[in-house]
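See the structures that follow.
There are two complexes below, and they share subunit A, which is joined by subunit B in the first and by subunit C in the second.
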Partner chain A sequence: MIFDPNPVAFWLLAAMVTGCALAVIRAHKLYHAGLALVGTLFGVAGLYGLLQVWFLAGVQVLVYVGAIVILLLFAIMLTHHMMTPNLKTLSTQPWTAAAMCLMLLAVLLGGILSSTWQTAPDTTVYPTWTSQSGFQVAEAIPSVKALGFRLLDPFTLPFEMVSVLILVAMIAALAVARKPPTPEDPAEGCEEVVP
Partner chain B sequence: MSPIGLNHFLGLGAVLFCLGAYGVLTRRNAIAVLMSLELMFNAVNLNLVAFARFLPNLDGVVLAVFVIAVAAAEAAVGVALVLSIYRNFRHIDLDQVDTMKG
Partner chain C sequence: MEPIFEQFVRDLTGGFQIPFWAPMLVSLGLVLAFIALNAMFMIWLERKICGRIQRRLGPMLTGPKAWARFSMWTGGWFQTPCDSVKLLLKEDIVPAQVDRFGFMLAPVLIFMAALAVYVPLPISSTAHGQPSPIVVAVADLDIGLLYVVAITTLTILAILTAGWASNNKYSLLGGMRAGVQILSYEIPMLFALMGPMVLAGSLSLGDLVLVQHAGLFGVPFLGWFLVPSFLGAVVYLICAVAETNRPPFDMPEAEQELVAGFSTEYTAMRFAMFYLAEFSNTFVVCMIFTAVFLGGWTLPGFVPPGSLNLGFFHLPYFDLLAGMAIFFAKAYAVVLLLMWIRWTFPRLRPDHLMTFGWKFLLPLSFLNLLICTVLAAVQQIYFGGNPG
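Take a look at the complex of A and B:
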């Protein structure tokens, strides 16, 4: 059986993703750009759902919308007045950048259209859609199960390396964002007790 | 409507990547640049998942999970850097952060 996503859902989600992405890169108020980013990420999560990779759709919502966007919104609130129009957001050469991006897009689309991919018929790893019974939830479990086995069988070392990377990034973020101790502020970093 | 194939998802990923690249190139605010970077990460992830689904090969989904983890680490360090820049310069306009320019 060849996998066949719903075309209407795909085009709706594609319009949502590109529209919100345009708002992210052109919004004058930074806070609105952050909210549009939420729309883009939800659209991509919907596309994962359309591809029936439910686990990744959940991870997308949890990690991107739940953590990264909140972090960015906190950064906006810490550095900006939230609703100030930030009109000078674009650099001095937007047309050069637009031309370069259009050329990149042309190269990418040309490469995509001129390639033939060895797509194979669908396997039973993923849940299947049948018009009679709707989603077969019982078959969604092997997808996540297979993913877990895949993470622990050939990808054990990258999996552990990613956990070390996240720990290092956490410590680095603390070290960078922490206020450096100044010489005229002896309370910072001095722990000796005067009797 | 014509059926949706792998090329549709790859094309959408290419469009999303170019929009993110445009944002990274033209935005002057550091947080806006970070947001555009997230768009590019998402375009790459979309391509990986589409390949994993259509080829079909589960390794693409595993790689997408790794990319999401690395993106989370990148966002944490990036926001820390932005806050540090803001503390030193009182703004986060990247065109004016040129202390180390030769």
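Take a look at the complex of A and C:
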């Protein structure tokens, strides 16, 4: 029998994701929760890698670990809970929380069970280029190239709409967070910080 | 790594099939040894060049006296090995008030990032000029450049953690400064690297080098992406200096303000890990610059033969060795440039650094991407063989 490492890797990664997720909500220091979140996101990236979507795994690490968690940690450092040793981590309304979680679980399970999962790789053939022989027909593997063709060919409109949506969200966040200028101090909220 | 290693073992032992885990272990050992030895050499070189620029001799006393009498460049060879042994033997102190978990995690994390980033870096190839050259790298990943940038972000995490866990105002400020600096300069760096990506139509570093060797517009001498993506190369180099916290961008450990920044509380092995990671990262950005902008292990119009026969001496794997020699010569040229920059420019102010990164480098990298896209389109329309 040939040893298949994939199931072992899957269960290890699954344990890592769940364990770290538990640590996020149970950590007694906010910063530790942030670090545990990194573990969760890395585990998810590992799961993507196991499914051989390397691009998604790379983007997961770059965007979530590299940008979002770092920003989160900066935000944590700015709070006064930064070094508080014993944060209260349990909810004060356990039954409501349990009900909400069960509802979320039901919705997710419903989605997972009712979906027909396409497990075969993308077999569309895309032209590729090598330095020696010019155009060649690519191997039918889910590569970065295939993803690029997919994003810019059939899915251009949704792709662009998502970027507009993100822009709108960003401007909206700015508009909400910024104080309106008052007559006494017109520069309130947007003054230049002089170091 | 795997195919070449397998072939090497087969040639040497006459058909021995290696187990699947052997290439991984061997590459891990090679990379670890390389990081340690190369960092030692780079520290010695840095001190020598600093000495030369400041009209001093640099370390001269440790090592054979006869060598030191010969010239300044042959003296003090044993200085860094001795320093390393001293660092390893020092007492390992964990201050009482630190956050132990974070304090111990940070050096491991930064070294992990420094080690993992070596995976997709190609240093040579065999069967060059043939339809399918085998690239020598630990693994020439399909997403090489993306992987490198993603792993680099772990460095920010480690530095922030070190700053926070030290429970010391200087460390925290140093960690925050380093985090902000690396995060800000990562964006123009990514856009600067996108120019070559568009030109080559690939994220794999091995492919990038091979496309450069093939040349742009059918002219091999236009091939190095330094030429079509010159702005990108300049932006990348500046960002690389900022990413590795080297002067003139070393505010995170500006001594007169912050003692030693995020590494203030660290001693012995843990400090050595930060130091090693810093020098390793410096060399890695030089390797990436070589692979992406300087044509990697190739020279325009030069295809080394598979083996060299000198009549009395037969040298197999000649193309592999020649590629490595070319690659490391180029990488060390970039290292020398970075050292020259380090010892001749004064340190920037943090707010100047931010303004420079966001208002100058970022638009410049956008412009570079635009130029590269136009060039790639011209190549596709008029010269066929479209990159990507």
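Here is the rule we go by: the second predicted complex is superposed on the first by the 120 of 195 C-alpha atoms of A that agree within 3 Å, B and C clash if a C-alpha of one lies under 4 Å from a C-alpha of the other, contacts with A are read in each partner's own complex, and residues count from 1 in each chain.
Note that a contact is a pair of C-beta atoms (placed from the backbone, for glycine too) under 8 Å apart; a residue touches a chain by one contact, two chains touch by 3 or more.
None of the values given here were measured: they were computed from a predicted structure.
Chemist: Report for A:H32: first if it touches subunit B alone, second if subunit C alone, otherwise both or neither.
Modeler: second
Chemist: Going by the touch definition up top, name the partner, subunit B or subunit C, that contacts more of subunit A.
Modeler: When the residues of subunit A touched by each partner are counted, B comes out ahead.
Chemist: Does the superposition put A:V59 against subunit B (first), subunit C (second), both, or neither?
Modeler: Both partners.
Chemist: If you stack the two complexes on chain A, which partner ends up touching A:M16: first (subunit B), second (subunit C), both, or neither?
Modeler: neither
Chemist: Per the contact definition in the header, classify A:M77: touching subunit B only (first), subunit C only (second), both, or neither.
Modeler: Touch partner of A:M77: subunit C, not subunit B.
Chemist: Which parts of subunit A are touched by subunit B and by subunit C alike?
Modeler: Touching subunit B in the first complex and subunit C in the second, residues 55, 59, 67, 74 of subunit A appear in both lists.
Chemist: Help me check something: in the complex, which residues belonging to subunit B touch subunit A?
Modeler: Those in contact with subunit A are residues 1-12, 14-23, 25-29, 31-32, 34-36, 38-39, 42, 45-46, 49-56, 58-59, 61-62, 64-66, 68-77, 79-84, 86-87, 92-93, 95.
Chemist: Which residues of subunit A touch subunit B once you look at their complex with the stated criterion?
Modeler: 3-8, 10-11, 14, 17-18, 21-22, 24-25, 30, 33-34, 37, 40-41, 44, 47-48, 51-53, 55-56, 59-60, 63-64, 67-68, 71-72, 74-76, 78-79, 86, 88-91, 93-94, 97-98, 100-102, 104-105, 108-109, 112-113, 117-120, 122-123, 125-126, 146-147, 150-151, 155, 158, 162, 165-166, 168-170, 172-174, 176-177, 179
Chemist: Under the touch definition given earlier, write down the residues of subunit A that touch subunit C in their complex.
Modeler: Contact set of subunit A toward subunit C: 29, 31-32, 35, 38, 54-55, 57-59, 61-62, 65-67, 69-70, 73-74, 77, 82-83, 129-135, 143-145, 195.
Chemist: Would you tell me which residues of subunit C are touching subunit A in their complex?
Modeler: 99, 101-102, 105, 129-131, 141-143, 146-147, 149-154, 156-157, 160-161, 164-165, 167, 172, 176, 179-180, 183, 186, 201-203, 207, 210-211, 213-214, 349-351, 384-388
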